[in-house]
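For reference, the structure discussed in these notes is given below.
As written, the chain order gives the labels A, B, C and D, with residue 1 at the start of each chain.
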Amino acid sequence: MEFVLNFPCFSILLAMFAAIISSVLKGRGAKILNTFVVSLVGLMSLAVLIFTVRTGECYVYVMGHFPAPLGNELRFGALEAGMALFFAVIMLLSLNGGRRKIKLEIAENKEHLYYVMVNLLLSSLLALVYTNDLFTAYVFVEINTISACGLIMITEHGRCIEAAMRYMIMSLLGSGLFLIGICILYDLTGHLLMSYIHTSIEAIVEAGTYSVPLLVTIALIVVGLAIKSALFPFHAWLPDAYGYSTVSSAAMLSSLVSKGYIFLLIKLMYRVIGFPIFANSKVIDVLFVFGIAGMIMGSLSAIRENDIRRMISYSSVAQIGYIYMGFGLGTMAGMVASIFHILSHAATKSLLFVSAVGLTDVSGNHKDFEQLTGAAYRNKAAGVAFTVGALSMVGIPAFSGFVSKLLFAQAAMDQHEKMLPALIVLAVSSVLNVIYFMKTVIRIYTPVQTGYPSVRAKENKLFVVTLICFIVLNVLLGMCSQPITEWIVQGLNVFA
Amino acid sequence: MEEKMNFILLVPILFPVIAGVFLVWKREFRKRRNLLWFVGTALLITGTFVAVNLMGGERRLTAFYLTKELPVFFKLDALGRLFALLVTLVWILAGFFSFEYMKKEKRETRYYGFYLITFGVLLGLDFSGNLITMYLFYEFMTLASLPLVLHSQTREALMAGLKYLFYSFCGAYLALFGIYFLIRMGNTIEFTPGGVFESGFLAEHETLFLVITMLLIFGFGVKAGMFPMHAWLTAAHPVAPGPASGVLSGIIVKGGVLALIRVLYYLIGPGFLSGTRVQKIWIILTLITIFMGSMLAFREPVLKKRLAYSTVSQVSYILFGLAVCERSAFEGALLHVVAHALIKVCLFLCAGAIIYRTGCKRVEELVGIGKKMPVTLWCYTIASLGLIGIPPTSGFVSKWYLGMGALDSEIPIFSWLGPMILIISALLTAGYLLPVTMKGFFPGEEFVCKREKEPYLMTAPLIILAALTLFIGIFPETVLTVIRTISGVCI
Amino acid sequence: MGNHVFANYGEVVAMLLFGIGFTNLLLQKNMIKKIIGLNIMDTAVYLFLAEKGYIEGHLAPIVVNGDLNPETYINPIPSGLVLTGIVVSVSVTALMLSLTIRLYRRYHTLDLDEITTRLKKEGR
Amino acid sequence: MNAICLLLVVLIPPLAGAVVALAPWRRRTHWMIFLEFAVVVNSVLVWLLLFNRPADTLTLIHFTGELSIAFRLDGLGTVFAGLVSFLWPFATLYAFEYMTKEKHERVFFFFYTLTYGVTLAIALSDNILTMYCFYEMLTLATVPLVMHTLSREAVLASRKYLYYSIGGAAFAFIGMIFIITYGDTTEFLLGGVLNMVKVGENRNVLQFIYFLTFLGFGVKAAVCPFNSWLPQAGVAPTPVTALLHAVAVVKSGAFAILRVTYYSFGTDFLRGSFAQSAVMAIVMFTIVYGCSMAVKETHLKRRLAFSTISNLSYILFGAVLMTPLGLVGALSHMVFHALMKICSFFCAGAIIHQTERIYVHQLDGLAKKMPKIFGIFTVSALALMGVPGLCGFISKFNLASAAIESGNLLSYFGIGCLLISALLTAIYMLSIVVRAYFPAEGFREETLEGITDPNWMMLVPLIVFVILIVGFGVFSAPLVTLFKDIAGGLF
């Protein structure tokens, strides 16, 4: 066995141990450790990615000594490795972008706790990506939830705690449903390992028995994960959680946490239930409807919002709607588009959060648009970065958003009944995106006389470098989509 | 005629235009005398060129192509000659009249500039050999004559000018609609007497062509002051300086008439129109115009406006003649073109002379004017008789032919109703023109005044015009021979 | 249908409990009641699992007297799952409670909606 | 010539602009000369390309699947690229003078030249994806220009502009996707690329999608009801409004519509469908609507902007006739309207620059002080009205004859709309001219003390344009022949 195949397991454990160690370190030490760990995880994932892409196969990694039907397994191919790499990169960038804010907003004696949470989050995300065991997935879902909650409430601001509370409640509802779904699935099939469940389910479907319980199970799991990933109409907790937490948390929450759940959902669709079975169930239509409803409603809420952070949060609701719409199309192309959008949205949304904080910083920490007028002149890097993010969200060619839009549209063309609604909603939602993002962009470029100080790029090198990395990432996704989609297709083929 | 000599056709068109543009550009002359010499010479030289052209045989000239299917093409045919002669004659006479009249006005150079430009454009209109060339000059005619209307720059004049512009373009574009179709549907757009369309083709597209014809009649009818698009005429003509209103009323309205003749008799062909519903509508409209124009003139107190209403009525005589589509009516119409041009210019110049000398504009102020300005009023009287149609003036002959033509035609009702209205209108004409003469010469016992000086630059044109009116009335054959050659080929 | 329900009364009860817990977590205003709802929900799941794993007449899967015959014991996996689940639910409950305490200290109420209104009134 | 030159002409302008914006220039003249030089070189390069067309396609990037960003020069692109590259150097020259009074000049010129590159890229696009990409880019490149003055109005206007443009593009995006899916290729081929086997029973859906696409691209071409951004965007400095919002940007919209209609969906597929009737109705309404609003508007630049709205729909009217002749009409109006409108806008800009008067009623009597500007303005006004002998007439004639040729009853009404619009054009353009030349009584000339014609940098472009307006009006045969070849697929 190649040594590189150990890396996924190592990276999960590494992150987890780092979390444990961090709890006894000082803030600075924890920060360094965390950076190191995230980078290392990234590198390891890269190695796995290169390896898996080259061989084009999927590998199973047995945890512990129990063999297949009973024991715990990791399973990874190109898609998982790439996703892990991507998560690590985004996490690193988000943390770097918000580093100054972390220092400012978090009490010094709690800083190391923040990194504990981050490490834990990373570990759970990796586990969600790699695991092949449903119950393990559930456990890490909960760990994910807890660490995310910690990330939200770390600033100990009243609003944050309240948001954390709401987030917890919704999350727990979701994970409750998810858990009961798993249990019924276990009841139906007698397995917890995904591949085995799949075999049984195929048998069940073939036999034609238990069709109702199966449908209910699928529905329970999907709804559970949908709540957790803030699909419209379960998004009520989201704006507060994203809007008031410290910026790195917001960026990570929006681009990683919800994406982790979505990735798990993909895994369920492909590996557990089987894509053809899933695509034939009614659930998919429901997802489609809620997806397009989310695209519109999220944007509408964003238009009404007067707080830049909350506006971006609502935009997340819309973007998650895109992803679910892609699922709802029930085709391979739709899935590819959704996965691409996971990447593109993660890259863009964290960029937006980070740059938005750069803008609010130079506006006396006010987040309403009135105060943000002309902020782009006071912090040029943030202004440019926000503009790039906004353009990408709107779907301007050369940025990542355009490619995902293109992929979605092309995918919609294959699906005859859903074609027109999907396309028209896509167009309408673009228009709505234009309205609120471009409004903001123009607002920040409208000069005004204020007493707020300007920030020079030199004073905040890390921030600027992070933004540049984000922009490059975005443009890279936008311009070199060909290899990325190829990778996604390859990954999906060996995914099940 | 040699092909290369044909460019002579362009000379009378371009020469006045260039001279006029030069004047507009130059703006100021050091001495008024120089200006007058310049204008006078230009007018006479143009006249000579026109004469040279008229003497020669038929000339054809394709100047250039707008696009491949749109040549700007000039041709000199009988109808063009008639109109060109008329225009030249009137323009020179009115021009000399202006020399005296314009003494009192400001911005003279500009006036003469546009006067000359309009002259050239009108000659271009007369020499046009095809539809597109005619339309080109038709538009330019509106634009070039606009400054004449606007000349005084009073608010009234501005409003009138804009009204003139609006109505004219409205008409031009209505006509343009038809023109587009004619160009597209026809094999050629060159004017050919009797029409260019085969009757079978016309029958096939009858509805379309009826619509087109209707639009063309309405469109060009605007320029000719046909009801219901006559309102601009009575606003625009009176506000211009005297000689300008003369030529506007006498000549430029005939631009519309010329265009109608060209389109109906030289492209679509008169045979298509006769007997159709469009013809009836047209006849009704002309008759309404004739009657209404006279009535309005009758109750109008301002002399120039009264004359303008009279124009509305009289031009519709011509249109009536055209609408009947009958040979002698057509001849009458053409004769009336000539007669009315001379008479109306004469009348307007008289009115101008009176205003110039006395400043009186309203009819009731003209009591005893015959004592002050006898020559002017005599000319006025002769012209009035002509317009009413009393022998031996030109108006009598033309109306005679019109009436005969109408009676000869086989259109039910209108064959007798037409002449009747002509006669009623003639009575009304007498009613609104002659009181000036009567009050002018017989102001009553106690009226005392001294005779005003009448400068020969003013009286000479008047006398010539009045004399021509009489001359044509006495020897109508001089003009009629020309007209017969036209009608011979057209119908 | 009826006898199915009766035969599987354990599962039915579990589902009812799950419903109760879910509704409480979702709809209760009082945070403590919400947490109780959460626990009911979790417990329902454990009940369900236990019911699934239990085989009539078999022993708990603890090897005491060297009997390695699988027929002797009930299915051990659900039991393992329940144990894991309990750990998870304990930690989650702890976190929720700590959050509740913090909120209560700050706002002296357990009503989440009231806290929200108050926060909005503060404008932050 | 080598296909790589296609990329070169797209890249030179932005690079030159970037150099201007970023390099430390010591004096204004230096970078001005540099920039003008770069623009001229680029234009020369474009024209060289037009005459030695590279036959092959230049592919830059492969997107997913067979989608790629690629450049190619075909007939339609030739016209647009030629037009744009001809106008840009002149407009830049004009902008130098105009912008002396504004701030942030170098940033302005960066975006100004960037737009040049992007517009050329649209013209040279080989496939629909490339065109779409640069179409979006165009919006972004021009927003800073609209926002330039940074006043509240400008910000609002640019915001609206963004919403409309990108929103429209979102709908055009749908059309693009359909072309990608149902077409044999994404390239532009005359006659369309739809694969009828794939289309099968989805004809109606595709026709509906065409309608959406039309509206989407139509936003830039300001079709009703998506036109309100255009007059608002008039707050930008005049070179921007003139070149971008009368030519480059709006024509890109029209160009895109021509592309999708003739080169992607294909006219055979669309002709006679409900989509054609729908878009034609919209276009016809816009023609009349734009003009009516222009008549109502008293702000000079906004009036011209409304006029642009109407005129753009002329182009679209040609486009939606869906016949080769319609394409000819559309192309000729695209070129000629560009000349006329840029000319009139530059005049308006010159007036604003010299006098800071922005409302029509403030222009009384200005013609005397700025004779050259108003002379040129008059010519462009007449051309816009479609007076024969100027280029506006040619394009309208081409449009009308195409409409007649198409035999579609609705298009006959379209001709009517063209003519109504021409009439309204006459009103709103000539009322300015009349006002400037013939101020009403009581006008005090002293108020205009010190106003003169602008200097050569502003005048040279104007004179060139006016010569072309007249030149093409009198002699347009080669150009129209070229358009016919393009429409016939021969070029």
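Following the convention adopted for this analysis, a residue touches a chain if its C-beta (ideal position, glycine included) is under 8 Å from a C-beta of that chain, and two chains touch if they have at least 3 such contacts.
Only a predicted model underlies this, so the values are computations on that prediction, with no experimental measurement involved.
S.K.: Work out per-chain C-alpha centres and flag the one nearest the whole-protein C-alpha centre.
M.R.: Taking the mean of all protein C-alpha atoms as reference, the closest chain is D.
S.K.: Subunit B to subunit C: how many Å between their CA centres?
M.R.: Distance between chain centres: 104 Å.
S.K.: Quick one: subunit A and subunit D, Cα centre-to-centre, how many Å?
M.R.: Averaging C-alpha atoms per chain gives centres 43 Å apart.
S.K.: Could you give the separation in Å between the centres of subunit A and subunit C, each centre being the mean of its C-alpha atoms?
M.R.: Inter-chain centre distance comes to 27 Å.
S.K.: Once you draw an edge for every pair of touching chains, what topology comes out, line, ring, star, complete or other?
M.R.: Shape = line; chains linked end to end, path left open.
S.K.: Give the pairs of chains that touch; include all such pairs.
M.R.: A-C, A-D, B-D
S.K.: Along subunit D, where are the residues that touch subunit B in the complex?
M.R.: Per the touch definition, subunit D meets subunit B at residues 382, 385, 387-389, 393-394, 397-398, 400-401, 403-405, 415-416, 419-420, 422-423, 426-427, 430-431, 434, 437-441, 473-477, 480-481.
S.K.: Which subunit D residues qualify as touching subunit A in the complex?
M.R.: Checking each residue of subunit D against subunit A gives 61-65, 67, 132-134, 136-137, 140, 143, 147, 150, 155, 158-159, 162-163, 166-167, 169-171, 173-174, 177-178, 180-181, 205, 212, 216.
S.K.: Mind pulling up the subunit A residues that touch subunit D in the complex?
M.R.: Where subunit A meets subunit D, its residues are 391, 394-398, 402-403, 405-407, 409-410, 412-413, 419-420, 423-424, 426-428, 430-431, 434-435, 438-439, 442, 445-447, 479, 481-482, 485.
S.K.: Quick one: which bits of subunit A touch subunit C in the complex? Just the residue numbers, please.
M.R.: Residues 70, 135, 138-139, 142, 145-146, 149, 153, 156, 158-159, 161-162, 164-166, 168-169, 172-173, 176-177, 179-180, 183, 186-187, 192 of subunit A touch subunit C in their complex.
S.K.: Can you list the residues on subunit B that touch subunit D in the complex?
M.R.: It comes out as residues 64-68, 70, 132, 135-136, 139-140, 143, 146-147, 150, 153-155, 158, 161-162, 165-166, 169-170, 173-174, 176-177, 180-181, 183-185.
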